[in-house]
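So the structure is just underneath, and the comments pick up after that.
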Amino acid sequence: GSQIADPTSGSSAASTGTSCVDTSGNSIKVGFINSLSGTMAISESTVFDSLTLAAEEINASGGVLGKQLQVVSEDGASEPTKFAERAGKLIQQDCTAAVFGGWTSSSRKAMLPVFEANDALLFYPVQYEGLESSKNIFYTGATTNQQIIPALDYLAEQGTKSLFLVGSDYVFPRTANKIIQAYAAAKGIEILGEEYTPLGSTDFSTIVNKVRDSKADAVFNTLNGDSNVAFFRQYKSVGLTADTMPVVSVSIAEEEVPGVGLDNVQGQLTAWDYYQTLDTPANKKFVAAFKAKFGAERVTSDPMEAAYTSLHLWKAMVEKAGSFEVDKVQAAADGVTFEAPEGLVTVDGENNHITKTPRIGKINSEGLIDTVWSSPEAVEPDPFLATYDWAKDLAK
Amino acid sequence: MSTPILLPDGEPRAGGLRHGRPKYLEVRNLSVSFDGFLAVDNVSLDVIQGDLRFLIGPNGAGKTTVIDAITGLVPATGSVNHTGTEILGRKVHQTARLGVGRTFQTASVFENLSVLQNLDIAAGSGRGPLRLLRRRKTVDAAVEEALEIIGLEGAAAKKAGILAHGQKQWLEIGMLLVQNSDILLLDEPIAGMSQDERLETGELLRRIAASRITLVIEHDMDFVREFATSVTVLAAGKVLSEGSVAQVQADQKVQDVYLGSSGVEATDA
Amino acid sequence: MRGLLQGRMGTAAGFTLGAVLLLGVAPAVLPAFNLALLGKFLCFAIVAVGIGLAWGRGGMLTLGQGVFFGLGAYIMAMHMKLADASLFGGSGVPDFMSLYGSGVVPGWWEPFRSPAVTLLAVVLIPGLVALVLGLAVFKRRVKGAYFAILSQALAAAFAVFLVGQQATTGGSNGLSGFRSFFGFDLKDPNNKVMLYMIAATVLLLSLALARQLMHSRLGELLVAVRDQEERVRFLGYDPATIKTVIYVVAAVLAGIAGALFVPLVGIISPADVGVIPSIAFLIGVAIGGRATLLGPVLGAVGVAVAQAGLSSTFPSFWVYFQGLLFVLVIGFMPGGLASLPALVGRRRRTRSAASSPAAPARPAPVATSPDAEEKATVPEEARR
Amino acid sequence: MELLIGQMFAGLSLGSVLLLAALGLSLTFGQMGVINMAHGEVMMAGAYTAFVVQRAISDAGISLLVSIPAGFLVGGVLGLVLEAVLLRRMYHRPLDTLLVTFGVALILQQAARDIFGAPSVDVRAPDWLQGNIELLGAPIPLTRLFILGLSLVCLAGLVLLLKATPLGRRIRAVVLNRDLAETIGVSTRRSDQLTFFIGSGLAGVAGVAVTLIGSTSPYLGTNYIVDAFLVVVAGGIGQIKGAVIAAFSLGVLQSVFEYSTTASIGKVLILIVIVVFLQLRPQGIFSLKTRSLA
Amino acid sequence: MLEIENLQTGYGRTQVISGVSVTVPDGAVVSVLGHNGAGKTTLLRAVVGLLKPTAGRIRLDGEDISAIRPHRRVDRGMAYVPQGQQSFGQLSVLENLQLVADGRRNSAGRVAEALDMFPALRPLLARRAGLLSGGQRQQLAIARALITDPRLLILDEPTEGIQPNIVAEIEATIIELSQRNGMSILLVEQHIGFALQAADSYYVISAGRVSSSGAGGAGSAGDVRKAMLI
C-alpha cells in the first residue's frame, strides 16, 4: 500500500472515489439512511416517511433531469458503526447519486469520513450542534445560531435573568450548553445549574429537586427522546408549571407531544424553525400531502420538513448544475433556493448550510405548537458562530 | 509395568512405622464452631505413617467436620501439624499442595472428563505453567499405575460421569494416589458398595496405608473390624475413645452412644 | 497414536484450507466494500474465539467483552487521532478536542502518540484490566450468574463513562474520521486490503492459540473447574488462577479485535461497547457451538452476514429473526450448529441400535454445561 | 433541610421503583435460577396494559385501579407462556436462560413497536395523584408516594406467600431439588408455573406503576433490567430481605451521588460501589451456606 | 401391590435396565440386591416415575401407572427414600417435614409422629437440612417418607452412612412397619444379612437383568452370594 511520505500530498491519493453512479438509464439511484430499528427508530422513521413523500412528489413532477428517482433504503439501526457501514454500501455498492438521512450527531460523525473518502454527498436534515462544515455534507437542519441563540434572545427579551440547563448526556446538549454558558456570561444571565442524564434515563427526582431548589426563571431543556416524558411528569409532580418556571425545549416536536402527555407539557415552549401550524402555502401543501399519504392522525415536524426540503434542494442543485456529478453539484449549490414549508431557504455554498427562520412555539391544547415569536427574516447559517463576539473562544 | 511408585509393598500396623523417620499427622485441640455450636470440640489426634486409622462415631459427631477443618474447608482453631509443618489456616488448595488429600462422602469426580483426564489432573498440581499449556503426549507412569490399582484400565477413556457409584469412589482414591498425598482422608469410601467390593476396597486401603498417613471415616463395623489397625471414636465433637478395634469395642461408652442397642444418639445442642 | 496423527494432520489441513480461503480467495474475489465488511466480521470472530474459551470451555458467561473490545479499540483510535493530528493538522491536537474540549491533549492520551506503546497497550491494557478484575472476582469466588451480571454491569458502566467524557473520549460520538494507520493512507484501497489481511491473520493465529489451549492440560483443567470448581481446590489448584488466565486470554483477544476494528470500520463509539453489543458478541458463539473451536468463528461471521443481508431489507423482521435465533438455538440446541451432525448421527444410531444395551453411555447432564457437544472436544489420544 | 428531605424521599422512591422491578426477579431468578432478561419487557407489557385499560376506561383513577390487577394478570400470563414454551426445559442451564430470554426481550420489544408504534404513549395519572404534599417544606409527589406504598404491599404479599404458606414452602422445595420434590408429592410443573406467574405478575404491576413517572415505550424495560438485576445480586440471590435492603440503599446512594456529582458519574459510581461490595460479600448481603460441594 | 413387568429403561442412549420383572405382594418386604452400578437405583427411579420406561409396565394395585407423574404416585400411596441422604438443604428440618404434611389431614400430628420415630431430629428442627450430617439427613429422609402414610415404601440403601445402633433401629422400624402396619416395602440394600432377614422375597440384579430371585430369610444368603459373584 501507499505510505504517506509527505502529508500535504496525502489527499492526492485520496480521490479514489471514481464514482460508479450510473446516469445512463432513465432513472437515478438515491440512498436513504435512517434508523428503522433500535432506539432512534421512533424519530428517524418519521424522517424516512417525509423523504419518501418528497421522492414521490419529485417523481410525479418528472423526476430530476428527467430521470426518475430510484430509492435505496438502508437501516442505520441506531448504531453509528452501522451508519458508517451502510453509508459505504450505498456509495460503493449501490452507487447512489446522493444520500439522505442520519439523525444523531454520532451517526453523522460516523458517516462523515465515509462520504469524504468516497467524495460523495450526504444531506443531513436535523438541527445539530454546529461547529462542523464538510464539503460532502449539506446541512438542512438548523445550526446553533438558527435555533439555540434565537431561543436565548427570546428568553432575554422576556426578561429571563437566570436559567437552569438540563440535557441528555451526548454531544448536542453539551455543545448547546457551552454556547448557552458563553451567551449567558456575555448577557448577564445567571446559569444556576447544568445537569446531564444518560440517554434513556427515566428518574429525574434528583434533578427536578435541584431545579425547583434553584428557583431559576426558566429551564433550557436539551433532553432527548423518552427522557422528556419522565422529566416533564416529574417536573410537574413537584409543583413546577409553565407559569412558575417555563421550560424551553429544543428536541420536542409535534410527534413527541402525545407521548409526553399533553397535560404535562401544555404551555411549555419550544424552539424550532418549523411547526405544523405554520401558515404558508408551501406548508399547507406539505401537510396535506403528508396526511393524505400517511394518515390524518400523523403530524409533521421540523426534522421532517428539513428532510423533505433536502431532497428538493438536491434536485434544484442538480438541475442547476445540469449533472449528477458530485463536484458539479457542489459547485452549483451556492445560492440555490427552495420555497420550503418553513419559508424560502437558500443554500450557503460557503458552509453547505441553509438559511432558516427561527421560531419560538408554545404547545397548545391540541398538542400542536403555535408560533409565539418568529424571526423577522431568514437567518444566515453560522455553524462556527464566527459573527458573535461572545462566542469567539468557543471554537478554536 | 515398571516398578511401582505409588504403592510399595507392606502392611499397615497399629502405631505406624517403627523405623526410619515416619511422617505424622498431629491434631491438637482442634475446634470448629458454627454460629456458636461446637461441632468439633478440642479434638486431639495423632496418626503416624503406616497406620490405618478409622474414625467412627455417631451421625453428627463431627467426623466429616474434622476432615473439613484439616483440609481448610471450614475455619478452625487449634493446630494441625503435618510432620513439622503447620497446615491449619491455609487455603484449601495450599493445604492440598502440602500433601493432604481427601475424598467426599458423596463421590465427586469430574464427570465431563475421562478417567484418564481425571487422574492426570490430580497428578498435576505441581506442574509448571509451561507444562500446563502443552497437551498431554504420554501417560504419567504414576497415572498408569493408579489405573491398574483401581482396576479402571479398561475404562481409562470413558467419561467419569458414566461410571457406577463404586467405580467413582475408586477413581477418587486413585486421584488421591497420583496426587501423591502423604495424608489421605477418606470419608465413607465404601458407602453403597456391595460386600465383595467392600473387601476389595479394604484390601486397597491396606496397601495404601502401609506407606501413608490414612484416616478413614466409616460406619460399617464389620469393615472396621476387618481392616482397621487403630480406631478413634468421636462423639458430640469430642474424642470418646481411642485404641485397637477390640479396645474400642469393649468400651462401654462407645457401646452406649454408638454400637450398642441402647440407641441414644449423641445430641449435639 | 494413529488417531492422534490423523487428528493433527486433519487440523493442519483444515488450518491451511482456512488460510487459503481467508488470505487468498476472499481478497481475490470480493469487491472492496465486501472485503472491508468481512474484515469487520473477522474482528467479531476474534472476540468470539475468546468467548468460546471463557464461556464454552470455562463456563464463565462474560457479558462484558465489550469493555475489552472497547479498550483495545479506543487505544488504537486515540493513537490514530493523535497521529492524524500531527500529520495533517500540525497542531497535534485531535479535532474534536478543540471543538468540544479545552483544546489541550490530556496527559493520559500522550503515551499513545507512540506506535510502539499503542501496540503494547492494545494487548496489555485489556489483559491487565482482566487480570485485576479476574483475580478480584474469582478469588472471591464470584461465579455463575453473579459473574455474568457483574460483567454486564461493567459494560454498562464503561459505556456510560465513555459517553460522559465528551471532551476526552468523544462522548457518544466516539472517535472517528481517521485518515491514516501507522502512516498508511486509509483511503488507499491497497491499504484496506492490507488491513483485512491483518485481521484474517490475527484470527488464524487466535484460532491456533485457542486450539492449543483447549487441548492442553490447562484446557482439561478448565473443564474440571467449570464443572466442579470446589473439587479442584482439593487437588491443589487454585481455580481462580485458572479462570483468570482464560479470562485474560479472552480479554486480550477482544482487545486486539477492537484495535483492528477501528481502522477497518473507521469509528469506535460507546454504542459498540455497552450491554447490547456485549450480548450480541455471544449470539454467534452460541449459534456456532460454544464449546467447539470453529463454532464461535463460523457463528459470529454467519450472524454478521445474515444481519448485513437482512436488516436493511426487513428491519423489523431482522429483530424478530435475531430474537428467534437466540431462543431457538440456545433453548433447543445448546450445543449450537456444531452439535447438529452429532444430533443427527445420534438419532440415526439410536434408531438402528435401539435395543442394544451395549450402546455407549452418555454422560450425566451436569449443571451449567451443555453436555451434548462435549464429546467432540475430548483430545483424541484420550480415546486411544 | 427542605432539600435534604426532598433528596431523602427521592432516594426512597427510587428505591421503591427498583424494589418493585426487582421483586419479581428475586422470585424467578432467586428461587428458580432463571435469569430472565425479558423481565423488563414483562414490565413493558404491564405498562401497555395500563395504556390499553385507560383507553377503555377513560377515568384515570378507575383505570389505574383496574390496571394493577390487569397488569399482574398480563404479566403473569406472559410469564406462564414463557415458562411453558421455553424455560421449563432449561432449569438445569441457568446461564443459558439469560440468552434465551434476551432473545425473547428483543421479540417482545419489536412486537410492542409493531402493535403500539415506536413513539411512547401517554398514560395519564389520576387527579388524586396529581401534585404533591409538603413535608417540612419539601414537595413529596403523590405518584411517588403511591409507588412506595404499592411496592411495600407487593413485598408484604410476597414474603407472606413464601414464608408462611404451604405454597411458598413448595416453591422453595422445588427450587432446591426438583426430583425429590416430585417424589414427595409436590407437582413441580404446577409450582414452576405458579412461581413464574407470580414473579412475572409482579413485573406487570411494576410496569403499571412506572407509567406514573416515566414514558411508556417499547424500550421501557431496558431502562430497568440492569438495575433490577444488580439489586437482586447485591441483595443475595433468592434473598428477598437482601433485595429490599439493596433496593433502598441503592436508591438512596444513587440520589446522593446524583446530587453531589452528575447523573452519569452517579451511575458509574453506583456500579463501582456494587462491584466493590461484592468483593467484600461475594454472595450478596444475605447468603445461605450449605455443605455440599456444588 | 406392585408389579413390575419386563421393564426397560435407561439414560439417554444408555439402556440400564433391560427387562426386569419384580413383584411386591401386599404387605410383603421385597429386597433388591446387586453390585454397584447394576441398575438398582435406576429401577427404583422408574418405579417412582422419575424415569420413563422405554418398554414394559409398572402396575400399582393392578392399574398401569407408567404414565403417571411422580407426585401423583405419591397420592396413590407410594413413598420413596432416595439414595444419598437427599433433603431440601435450605429448608429447615421442620419445613422439610411440613412440606410433606401440608394439605394432609392432621398435618401437625403427622410431623409429631415422625419425630417420635426419629427422636434424634427433635433438637435439630430449626437447623437447615443442608447443614446436617449425612446420617442425620438420612433419618430426616425416612421420617419424611413416612409422613405420607404410604402403603408402599420404597427405600434405596436406607442404612448407608448410618451409625450402627441407628441402623439396627431403622431395620427394626422397617420390619415393624411391614408387620404391624401391613406396609409393602421395596428395599434396595447392600447388607445381605439385613436384606434377606427382613425380606419375604429377594431379587438379584446384574447388568440390568434379574439374575436370581427367591424367597427371603437368612437361609438364602448362600444362594444370593453365589448369584452375586457371577
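Side notes on the structure shown:
First chain written, first letter: the chains are A, B, C, D and E, and each begins at residue 1.
What we mean here is this: a contact is a pair of C-beta atoms (placed from the backbone, for glycine too) under 8 Å apart; a residue touches a chain by one contact, two chains touch by 3 or more.
Since the structure is predicted, the reported quantities are computational estimates derived from the model, not experimental observations.
Steps from chain A to chain D, minimised over paths through touching chains, total 1. The chains touching chain A as well as chain C are D.
Chain centres here are means of the Cα atoms, and by that rule the chain farthest away from chain C is E. Comparing the CA-atom centres of all chains against that of chain D, the greatest distance is found for B. Averaged Cα coordinates give chain B a centre that lies 48 Å from the centre of chain D.
Chain B and chain E have centres, each the mean of its CA atoms, that are 29 Å apart. Mean C-alpha position of chain A lies 75 Å from that of chain B. Counting partner chains per residue, chain E shows two or more touched chains at residues 14, 131.
Shown for chain D are the residues that touch two or more other chains, namely 110, 113, 262, 264, 267, 292-293.
Chain contacts: chain A has residues 37, 41, 169, 196, 198 touching two or more partner chains.
Interface of chain B with chain E (complex): residues 34, 57-61, 63-64, 105-106, 162-167, 188, 191-197, 219, 221, 257-263, 265, 267-269.
On chain A, the positions that touch chain C within their shared complex are 1-4, 7, 10, 13-14, 16, 36-37, 41, 73-75, 77-81, 84-86, 88-89, 92-93, 104-106, 109-110, 112-114, 117, 131-132, 169-171, 174-175, 178, 196, 198-199, 395-396. Those residues of chain D that touch chain E in the shared complex are 166, 169-170, 172-173, 176-177, 179-189, 288-292. Of all residues in chain E, only 48-50, 69-71, 74-75, 79-80, 82, 86-91, 95, 98-100, 102-103, 128, 130-131, 144-145, 148 touch chain D in the complex they form.
Against chain D, the residues of chain A that register as touching in their complex are 37, 39, 41-42, 45, 169, 195-198, 200-203, 205-207, 209-210, 212-213, 226, 228-230, 233-234, 236-239, 255-256, 258-263.
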